[in-house]
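Think of it as A, B, C and D in the order they're written, each chain with its own count starting at 1.
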Amino acid sequence: MSDQETPVADLRQMVREFVAERGWNQFHTPKNISMAMAIEVAELMEHFQWLTPDQSRAIAKNDKDLAAVAEELADVICYAFALANELDIDVSSAMRMKMEKNRQKYPAEKYHGRYK
Amino acid sequence: MSDQETPVADLRQMVREFVAERGWNQFHTPKNISMAMAIEVAELMEHFQWLTPDQSRAIAKNDKDLAAVAEELADVICYAFALANELDIDVSSAMRMKMEKNRQKYPAEKYHGRYK
Amino acid sequence: MSDQETPVADLRQMVREFVAERGWNQFHTPKNISMAMAIEVAELMEHFQWLTPDQSRAIAKNDKDLAAVAEELADVICYAFALANELDIDVSSAMRMKMEKNRQKYPAEKYHGRYK
Amino acid sequence: MSDQETPVADLRQMVREFVAERGWNQFHTPKNISMAMAIEVAELMEHFQWLTPDQSRAIAKNDKDLAAVAEELADVICYAFALANELDIDVSSAMRMKMEKNRQKYPAEKYHGRYK
């Protein structure tokens, strides 16, 4: 079941059950989950911290490094979905709305090849 | 189209097109994207920084605050998917594998109501 | 030699020598150091992540936890001084200027017991 | 009064007074301060996020950018000292101990020009 066949809701449900089965909702205040996300992102950054831009791209070619990065990325998204679960946010709608805002803020022709 | 009907791949495709239309892949080294994620998570944390645990939960009841938090959360996930796009990581598989690892690391009966 | 007798410059010099002796200035771009700081702060946050406010204060009474926190804090400040070294920023002046700005932004009478 | 003439204790005292005058110690749990540090470091990173290594070094030559970076750096150190104040940690001792540990972990001859 790849990203092609997996609805976002299925992954959210997987996270929801994991948390509920351990009675961890008591720890899952939005404040705590946001901290947990920051800590997981830092573990992700750790893989790239001292690398040159090219070295950081080359991680895609090293199976072991790529698997480690994928695992850290999964951790971040698990907590992102845990926060969505606690606050009852529809991720797909939130992303579509934000992307529409971004499209207006950064018109493609004006920002082509430039980020500011 | 809610999380129920949206495959993860659709959201990834939306991010992919946004980046490609602006020629921003040149900036999207894994290193840079991981930094961008950390910055977006910090903006999310900013909403909860000085709140008590209860106050942070109460954000769910304030429409304006909740919308702002949803927007920051969307930013984090957009970059998470941008990283998955650059490194060709299947998010659903990575999450399922990590969750299986977590289930074994934290057996439900042993960790019930305790996180360590 | 406690904080009472230690000029900021002495600590900066200690960091400068450590970096120079290892030929690490080549890695110490401002970008890389700022990432390193974020990673060290995350390790600091990890100690407090799931704690209640009171539990996080109680860390002061546990010698082992306090020593661990002090070590993470030292890591953050080491990198902060490493960045000051690379960019030739006088930390004392920068802090005095920022504090003056903060005093004007947050007049004591108006913000007493309130942060916004 | 530059870093040469400023004892660390003076800067800590400046932070202590600022916080006390506003009655903000109630918000300054170690948990909250660690979050605040993470947020300020993210604002620092924001200056370097999309820059190449060389561009990030060049910030030293742009007065306006350098002043902005110095201000963010000051914010981080202010919170670092606020945490030291709350937990009664001597920063100079903690840094000297950590640096001694680092010297043993990374012998200069073995790690010259290499970080791992």
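Please note the rule applied: a residue touches a chain if its C-beta (ideal position, glycine included) is under 8 Å from a C-beta of that chain, and two chains touch if they have at least 3 such contacts.
Treat the numbers as computed from the prediction; the structure is a model and nothing was measured.
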| item | value |
| --- | --- |
| B-D or B-C - the one linked by more C-beta pairs in contact | B-D |
| Inter-chain centre distance, chain B versus chain D - centres from mean C-alpha coordinates, in Å | 28 |
| Where chain C touches two or more other chains, by residue | 27, 32, 35, 38, 41-42, 45, 48, 50, 53, 115 |
| Topology of the chain contact graph, where touching chains are joined (line, ring, star, complete, other) | complete |
| Partner chain D, residues of chain A touching it in the complex | 35, 38, 50, 52-53, 115 |
| Chain B residues touching chain D - in the complex, by the definition given at the top | 27, 32, 35-36, 38-39, 41-43, 45-46, 48-50 |
| Residue ranges of chain A touching chain B (in the complex, touch as defined) | 1-12, 14-15, 18, 21-24, 26-27, 29-32, 34-35, 37-38, 41-42, 44-45, 47-48, 51, 53, 56-57, 59-60, 66, 69-71, 73-78, 80, 83-84, 86-99, 101-103, 106, 108, 111-113, 115 |
